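Pasting the structures in now, so scroll down.
Two complexes follow with chain A in common, the first pairing it with chain B and the second with chain C.
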Partner chain A sequence: MANPKPEELARIEYNPPKTGWMDTPTVFKPGIFPYGCKPKSLETVSFPNPRSWSVKDEDWKLPENWQEIFIEGLRERVNKYRSFRLFLDICVRCGACADKCHFYIGGGDPKNMPVLRAELLRSVYRKYCTTSGKIMGKIAGARELTIDVLKEIWYYAYQCTECRRCSLFCPYGIDTAEITILARELLNLLGLNIDWIAGPVANCWLTGNHLGLQPHTIIDSFDMFINDLETATGIRVSPTFNRKGAEILLVVPSGDLFADPGTYTTMGELLLFHELGLDYTWSTFASEGGDFGFFTSNEMAKRLHNKIYEEAKRLKVKWIMGGECGHMWRVWHQYHNTWFGPVDFLEEPVSPITGTKFENTKSNKTVHICEFTADLIKHGKLNLDPSRNDNLIVTYHDSCNTSRGMGFFEEPRYIINSVCKNFYEMPPNTIREQTFCCGSGSGLNASENMENRLRGGLPRANAVKHVKEKYGVNMLACICAIDRAALVTAVDYWVPGVGVTGVHELVANALVMKGEKKRTKDLRGEPLPGMEGE
Partner chain B sequence: MGLLFSFFTVIALIVIVFIGVNGANLHYLFGVLIPYATFLAFIIGIVYKVVQWGRIPVPFRIPTTAGQEESFPWVKQNKIDNPSTSLGVIIRMAFEVLLFRSLFRNTKAELREGPKLSYGSTKWLWLGGLAFHWTFLIILIRHFRLFLEPVPVPIKILESLDGFFQVGAPVLYLTDLIFLGAVTFLFLRRVIIPQMRYISLAADYFPLFLIFAIGFTGVLMRYFLKTDVVGIKQMTLGLITFKPVFPEGIGIIFYIHLFLVSALFVYFPMSKLMHMAGVFLSPTRNLANNNRAAMHVNPWNYPVKVHTYEEYEDDFREKMKSVGIPVEKE
Partner chain C sequence: MNLEALLSEKKAAIVKKWFDLIIDNYPSDSSNFFKKQKDRFLNPVGHTISQSIDSLFDEILHGIDSEKLFPFLNDIIKIKAVQDFSPSKALSFIFLLKQAIRKEIGSDIKKKQISDELASIESHIDDLALLSFDIYMKCRERIYEIKADESRRMMFRLLQKANLVCEIQEQESDLKSKTVLTQNIKG
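This part shows the complex of A and B:
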């Protein structure tokens, strides 16, 4: 299905319908919702209710007692997560969150105002878990869990990217991501995942990565990287895999092993670590830093994440380094220490090159690759020639998860400013903690929901357009694999002529290596500035 | 529907007390029993709810980070919006609770031709909210003069500051004016802004009407009907010393005011108004962002079924060997 033209898509109606939201039936629009999960994906991880079903069908083939399962699940979870209960209880509907959501800004659907998206579930909570809701019903904002209500919750649970921008503006810190995360967990009790999440989860379970790359194909990819790097630099890097006794285990999002422009980020990392002579290893088992289980259920997230610690233990490394990825770092930073800590078998991370102790990660021993590289540059350990990136006019997209789930702002900017000379920020209300999602996070990066992804990508792309027009920006840097996949599409649609790059691709272009040949091409095989004729 | 229902509920409350006191002479019921009972319900309700929240675990440390995290010594941390220590959290919470810092960030998204999106700063909700909550608090504190004899000096100072402009007799309190203005503003934005009207429930209108009616009856009593303050103080002192008295000449307006406050007492613990207590417990605000430096314990963390390396190697051993990846079992 062809997407509407940008001018058409940008005609957005923000006025809500005349009828109240409880009385306005939700119509499933093609281009907005992703496809339902396949039975095989659920069977692989022993999830309930595997069967063939289609979102478009009237009958979703739910278990007989689906209502009971959902409500019991809800009651269980409001007693396990204080966040969940509190956020269902205390919202005053002040509306501060309403126009903070990229899907609402880009689409105008009132049920995509975070407050109302949460009310979809909150109304069910009131009906079954609060006295006033039980007695007063609709006047207390409560409603029965009918099949249409369930479908509505599903429709909007997969229109939230868990980016937490609304949570930043909420006077009580109500986090719609928490509500979406748990709504999806409840839906998964009924076998109602989407294909684009359930598939990667099953892949990750079997092969260690979302893309289902088997060990020998991973090696094939690296062989290609190695050859391309040799062509570009004259240097043949020799990464190791599953090597016991390495000092550092490097885990990156598998997207960076597979598709452009993420692959250039991986290549950049290969060059950098070769130049440093770093004692590190890749793993084909722990071949995924991201965690689509996180978009499924807490338990599934933990089940998938296990491989990283198990592998670190098996290989007897000292600490773990994580690549450029968004939700991966939300999970690594805010969850995995709680799941698997205390991590006694690792050592407090120290950079073998600079001797810097990474104090802020002394407990769970995971270092962000940008922390590592920023520290290298600060200590003058890299020979950099930023003029090699002179053809690029760069802006930087803060990923939602590293921004609002970590607070990771200065390190990547420090690196970018060290490796290229033309850097311009997007407007202040669209960066750092106020950054906008790419529109495709939390497993919504499918193709069948493209219209919604483009709508959700509008606020980000529009800010890029602003700096493109003002400063001639032609490259959007980011530290997230989903961004590298999704922003290419969104930017191409809304603001053609701007590329997308990982930060370590920029680093590798600027990196002057020992014994390199005269560099004429960048990692993409395109001429470096001033080398167009070579 | 929610709007009208709420409005008429408040009217009904006023009618009930009017009939009860003026018609049926139930002074003891409306002047003593109901205030006692509802105040008790208020306290028990709040404690119950807070204990209920407090007993639910916080499985994960999930602060919403709103500034640079703690990093290298040469990177400046935003210690308030992304605290890594308890002191930082206390400061963050103080800003949040006393000054509504998150709301202060508020922006308004606007889409123009182009398309061109912009996000202007908008402080009206912050200002209205702050005015409402602070004046409510000051008015509440001023009311302590009715329960304490002699009136403590700090309350007298507060009163004189509040009546600084010395307008009218009795002196006009600025907070009364701002309070009613702020409630009106909060109501009007709900009715006028289409999106706000769309998301508003009875649970949003009812407390606004109720609180407005409480404020309005208070203002009527003080400035217009000039109710016998000495008599009221005898009565309020009687209430808190458990020796209720009913002096002559206390008008129905006082009973209405008191009954509406009683209604608020009962309604408070089971409503969204509990955000007053809830904000202190919010895991996205009251936790330090030190996840990687210190382990956060989830009391219900449990072992999960995993796909082990052995299973992985069993699946792919030959393929691994074919490309020279070391394996555990040859």
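This part shows the complex of A and C:
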């Protein structure tokens, strides 16, 4: 045989083999998977199989009867959740969802096509829960649950941000996010959570927030905000904590209490509510709106969510206001009522400033801070000077959870348009229902899986890049704490030169307050437009 | 007709071949998508590669001006640096241009006896590859830097509270500056 020419060699090497998905082994790549959970985190919440283990090790230290546990767990959930069984049964593999996932679009790994991601678990379901799969095996798309299959399910369950973009395009309404949610729940039966989720869950169970901040630490954090705000405005705000009898309990994601730039959103909220003289309280117990339990299991989500209502009951507030958070709202909107039904010990929320009844919140008595603020602006209750944001050319990212999880589109846009003069939308097929995920949701915003996060963030960042080039956009507004952490990173890599902000930071910059000093700096301590020399 | 004229004339075919060869590096289920989806917002990978190699091709014809080439190379390599490629595979796209040229106009080159000129174009392509190594390394370093920056942002308030960061506070607004704190967190 003649020696192959260089081009031929190159062809052989360059082109990946064409094998069917079941026969293409999954290789775990650093930069893609998050670290495994620590035993302490599982022990704290009494979850099974706490032990030290590493994803990179051959032996994941599973219980001997792990197959049985997994398959029994699968059968139980298939019987319990009709939607789950339906999603597993009715997929016709039409492929409409295939190219809708940001991880697939940005990375090109076929198993990140939603249809294949679901098929990883669906094939096991067929084998153990359907007659055709039991009898015909591979021909019917069924396969045994081997250890490699389990590991593959794990690898791709933690490469899905549960964003639901794919479900928007499925003619049958199959929600692959729900399949991932249940795959993770099954994996948790074997102690196969990731550190970045299990740690915050344990913290939240112990202290009320993901970071494990204790009351004095939270209050110290606020002291810093109060000082910084006084420097910026000359006004000293005086928030209250755990105050019984306050009208409103405010719950925000704890990320906004310590991580920049989320902290400026909290500072914005402090200023706004001070200006209104709102009768509200923070809680150092219900100090977390987010719920990483939701990325673990239905039961854990419920356990963590519960504290907000326990606290509302204890403090005897009338209603609850929720801050700028993503999955907190998905939980409130889609799961809360199933768990607890309508809340009977709170009042139907009414804005004390405008008298508006928030009828949409009749059941769970919780108002989104953007609904509240948009209503204030609509009623002319705020003195706003949008020119203070003239240095900003803003676009808006719809968080997957608030958009696809609850259909919340107009209020944030209305607020942004009221507090700044330069607002430009990203292309229509990348916003609102069709918004692209930040690439780091559902507990995947760890550091060790950064390459995967960046792949997932590419479609979003690509649309940001477009508006930056076309309109000079330099600020990306959002109403989600994970976005505020993760988009800064994604944008830094893909579109350097664009900042990230919460909506209430923009509000506070534009807010003209009674008795304020001449404002020369924004909340970040940077000069307001026209004040550069001051 | 010299080679440059020939390359210009056949640009469309060569660039298309080059694009196809690059995209064939991806698993077949994905390469179909990267090739077929024409909406730039629904297919940033395919779009970026096709736009950038189009511009790269024009630049190569006129010699190697690294400043002009940088943005196009950077856009592609940034993507490759986070995908499932070893460094050599990530950068193989440069060399695939040689293949594309030979495939599309190899016989014309022989006929017209302008292989010498081809050698000079190929050496431009080699220069491009060297430049690409630098960019690839920068992208990989950038990934480590943004990880460190992210940890710093996450903990900044807590460290500030513990009086650990008073001295470097002034540099905080400048994300590009690598402060002592960043180093400490990482190592």
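As a working rule, the second predicted complex is superposed on the first by the 517 of 534 C-alpha atoms of A that agree within 3 Å, B and C clash if a C-alpha of one lies under 4 Å from a C-alpha of the other, contacts with A are read in each partner's own complex, and residues count from 1 in each chain.
Everything that follows uses one rule, which is that a contact is a pair of C-beta atoms (placed from the backbone, for glycine too) under 8 Å apart; a residue touches a chain by one contact, two chains touch by 3 or more.
Predicted model only: the values in this text are computed from it and were never measured.
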{"item": "Fit-or-clash call for chain B and chain C when the two complexes are aligned on chain A", "value": "clash"}
{"item": "Partner chain in contact with A:322 - chain B first, chain C second, else both or neither", "value": "neither"}
{"item": "Which of chain B and chain C A:36 touches, first, second, both or neither", "value": "neither"}
{"item": "Which of chain B and chain C A:447 touches, first, second, both or neither", "value": "second"}
{"item": "Partner chain(s) touched by A:458 [first = chain B, second = chain C, both, neither]", "value": "both"}
{"item": "Partner chain(s) touched by A:306 [first = chain B, second = chain C, both, neither]", "value": "first"}
{"item": "First (chain B), second (chain C), both or neither touched by A:429", "value": "both"}
{"item": "Touching partner for A:239 - first (chain B), second (chain C), both, neither", "value": "neither"}
{"item": "First, second, both or neither for A:113, with chain B first and chain C second", "value": "both"}
{"item": "Partner chain in contact with A:205 - chain B first, chain C second, else both or neither", "value": "first"}
{"item": "Clash-bearing segment of chain B, relative to chain C, as chosen among 112-120, 184-192, 220-228 or 310-318", "value": "112-120"}
{"item": "Chain B and chain C contact sites that coincide on chain A, given as residue numbers", "value": "10, 14-16, 98-99, 105, 110, 113, 220, 427, 429-430, 458-459, 462-463, 466"}
{"item": "Residue ranges of chain A touching chain B (in the complex, touch as defined)", "value": "6, 10, 12, 14-16, 20-21, 46, 78-83, 85-86, 89-96, 98-100, 105, 110, 113, 115-116, 119, 130-132, 139-141, 164, 167-175, 178, 205-208, 214-216, 219-220, 241-244, 284-285, 298-299, 302-303, 306-307, 310-311, 314, 332-335, 337-339, 341-342, 356, 359-364, 366, 371, 374-375, 378, 403-411, 414, 427, 429-430, 432-434, 458-459, 462-463, 466"}
{"item": "Partner chain A, residues of chain C touching it in the complex", "value": "21, 24-31, 33-34, 37, 39-45, 48, 78-79, 82-84, 89, 92, 95-96, 99, 102, 142-143, 146-147, 149-151, 153-158, 160-161, 173, 175"}
{"item": "Chain A to chain C touching residues, read off their complex", "value": "7, 10, 14-16, 18, 24, 29, 31, 98-99, 104-110, 113, 217, 220-221, 224, 257-261, 263, 427, 429-430, 447, 450-452, 454-455, 458-459, 462-463, 466, 485, 488-489, 492-494, 524-526"}
{"item": "Chain A-facing residues of chain B, complex", "value": "1-2, 5, 49, 53, 56-62, 64-72, 74-76, 78, 81-82, 84, 96, 100, 102-103, 105-109, 111, 114-119, 125, 129, 189, 193-204, 270-272, 274-275, 278-279, 281-285, 289-298, 300-301, 304-309, 312-313, 315-316, 319-320, 322-326"}
